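You will see two complexes here that share chain A, one where it goes with chain B and one where it goes with chain C.
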Partner chain A sequence: MAYGFKAINKSDFIQIDEDTVSFQILATGTTSSGYGQYVTIPNSYPEDIFVVVRPSNPNSSSVYVMRGYMFDYTPSGGSRIRRAYMGSSVNTTFPAFNLASDYAIVERADGSGFTPPTSGYGFNVYKSNGDLSFSSELPTYRVAATRNYNITASNSGDGIWYTPPSGKNVLGMYTFLSSFDLYRVTQYSIGGNERGSMNYYRHALFDYPSNRFGLDVKGYYSDGPNGGAIYDYVWSGYRTEMIGDVG
Partner chain B sequence: MAYGLKIWDSTGTNIRLDTTDRQVKVNSVYQGVFTAAGQSSTVTGITGFDITDETWSIDVLPISQYISLTATSGGFTISRSSADPFTLSQFWKVIVFRT
Partner chain C sequence: MIKVAMVKGNGEIQTIVCPSDDSLYTNGESYGEVTARIIPFNTDTHQALELWYWHNDAWQTREQRPNHLSVWQGHNEAGLPTLKS
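Now for the complex of A and B:
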């Protein structure tokens, strides 16, 4: 039997329904400047937590790139370490990724970090078991667009993939901290036993002057060892990129 | 005319949801450990999962040139390349969202 609540927008996307739990903002902040900045994710947070990021206080006349990834590692005999690494930079051939980043930690509304609001006003949606599914009293990550891209050696996804509609600006928007880092390493013959090597990185691309968002892929060459192996290793398969607003 | 749900917070000025917005919604999370190179893990039975449908989203950890993922209808296979020279165990996690 159908019951509950469902909101569908003009583009036929389900905005809210009673069957699925929404993600809402648990914490926001800004990292310090400097390369290798990270935010610690408490181990008490759910496994499906995610982080959204943007360059902090950018110059709207510059194009920015961001690197970053989620780090999750348990050393032998040690405690689990969960971090979200991030850094931004004005886009150059060799970006330093040492500028500050704004971030928001996004957790499922029925996670341990949220207490269902009891203000008596606003709009709360609950699942059939009584767990909170959405609340207007909690800020949320409002997705403007997503892209599922099948990464291969020959298809990096490099380029602009989102231009907002009239009246909406990329300036201020956050991207899902998918993995923006080294994703492909290849070594190849440049004649005889001579080898060349390329490392490819993927970065989020905030093109503020042109009001666009996308993916920036950069490749860096180095000489390989004489007679070294020929290979092409790729973090391949479908990945999702998102752009949206926090609030 | 745009339609859908638009919600403001109690200040009346902050939009919590606009008619063009989509929410990220929980679906499922999978994780495991590759104890050696050359291993893979397959997950099936994710009802309705179709990565070519943009209302489905996927996040794959870690980022590594030795990790690959093949999505199928209702599931995926994540693999650690046999070429991975590292001998330590490798934690992996796949999060499936709806948007």
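Now for the complex of A and C:
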């Protein structure tokens, strides 16, 4: 190894070396409360950032759900709009998603737009190709667990998928803001020409009292148009989910 | 390290952000739909989000949101902050 440093455990497994790339925090923040809140991502931020979120100042005896998604749109002749929508709520049958959220904007240290800090303090670690792999000058997002789930009509991913090891708490952890939003719309016959419709949403689930994290799926019914088409549309495909610590 | 209130067009704070690099935000500069206003680092974030708004180039205070379903209508012409319940 010619660059960086290496840390190994007692069995000689590598824990950190020059190829260990950290997720560095560019900014942390808190949104206002209210439905439909979002954070404007300045266009000066790199392209390859992502956002992690959690309920802000939660009651540890309540279960919370979060809704949110990334938005990136440039209207014809207009300026680019980059937003991270987010909202949290105590988990109920009809959560309002109008409580404040904490967030962090994250980028891989070797990302194309990442500028290595040059404060003269701490230390930077570089890979053999010259890319930064870690800087002590910025906080990091330390991933505790991840899953890659294939969404289909019959597999929503609903349920708990992370329980921390002893001594570690979900309270305070952040989840990757993937698409916690509408993922399935179905319309069906409820007899003759009459139609019923269901919209299904995926939400991040912070179960603080039981100290675990997962996914909550909620379906909402509405009457469909008389004689309307019968369909079952699913925004199918793989979703990456993460839970981790900021600091 | 700095703390920055990102202010919407109606004066309400959209978010309060702490950048890892102070040079990411400049006081008074627009960033898309919002304007950066640097605030004291020891500001209570939740209190500022609830009670502060920007008007006439200064921070003003409004009453506490009566509930989380209330939507703020902005500073009215009579000079009184308004809340719609």
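In the analysis below, the second predicted complex is superposed on the first by the 210 of 247 C-alpha atoms of A that agree within 3 Å, B and C clash if a C-alpha of one lies under 4 Å from a C-alpha of the other, contacts with A are read in each partner's own complex, and residues count from 1 in each chain.
Note that a residue touches a chain if its C-beta (ideal position, glycine included) is under 8 Å from a C-beta of that chain, and two chains touch if they have at least 3 such contacts.
The structure presented is a predicted model; accordingly, all values stated were derived computationally and were not measured.
K.L.:
May I ask you to name which of chain B and chain C touches more residues of chain A?
P.N.:
B
K.L.:
Regarding the shared-chain residue A:T74, is it in contact with chain B (first), chain C (second), both, or neither?
P.N.:
After superposition on chain A, A:T74 lies in contact with chain B alone.
K.L.:
Identify the partner contact of A:T40: answer first if only chain B is touched, second if only chain C is, both if each is, neither if none is.
P.N.:
So A:T40 only meets chain C here.
K.L.:
Touching A:R147 in the superposition: chain B (first), chain C (second), both, neither?
P.N.:
first
K.L.:
Give one of first, second, both or neither to describe whether A:A7 is in contact with chain B, with chain C, with both, or with none.
P.N.:
first
K.L.:
With the two complexes superposed on chain A, say which partner A:P139 touches: chain B (first), chain C (second), both, or neither.
P.N.:
So A:P139 meets both chain B and chain C here.
K.L.:
Give one of first, second, both or neither to describe whether A:R54 is in contact with chain B, with chain C, with both, or with none.
P.N.:
neither
K.L.:
Classify the contacts of A:R195 with the two partner chains as first (chain B alone), second (chain C alone), both, or neither.
P.N.:
Touch partners of A:R195: none, neither chain B nor chain C.
K.L.:
Across the two complexes, find the residues of chain A that touch chain B and also touch chain C.
P.N.:
137-139
K.L.:
Chain B touches which residues of chain A in the complex?
P.N.:
On the chain A side, the touching residues are 7-11, 13-17, 20-23, 46-48, 50, 69-74, 106, 108, 119, 121-123, 134, 136-144, 146-148, 165, 176, 178-179, 181-185, 231, 233-240, 242, 244-245, 247.
K.L.:
Can you name the residues of chain B that touch chain A in the complex?
P.N.:
2-5, 7-10, 14-27, 29, 31, 51-52, 54-71, 76, 81, 83, 91, 93, 95, 97-99
K.L.:
Considering only the defined contacts, which chain A positions touch chain C in the complex?
P.N.:
24-35, 37-45, 56-57, 79-82, 96, 98-100, 103, 115, 117, 137-139
K.L.:
Taking the complex as given, what residues does chain C use to touch chain A?
P.N.:
That would be residues 6, 12-21, 24-25, 31-34, 45-46, 49-50, 65, 68-71 of chain C.
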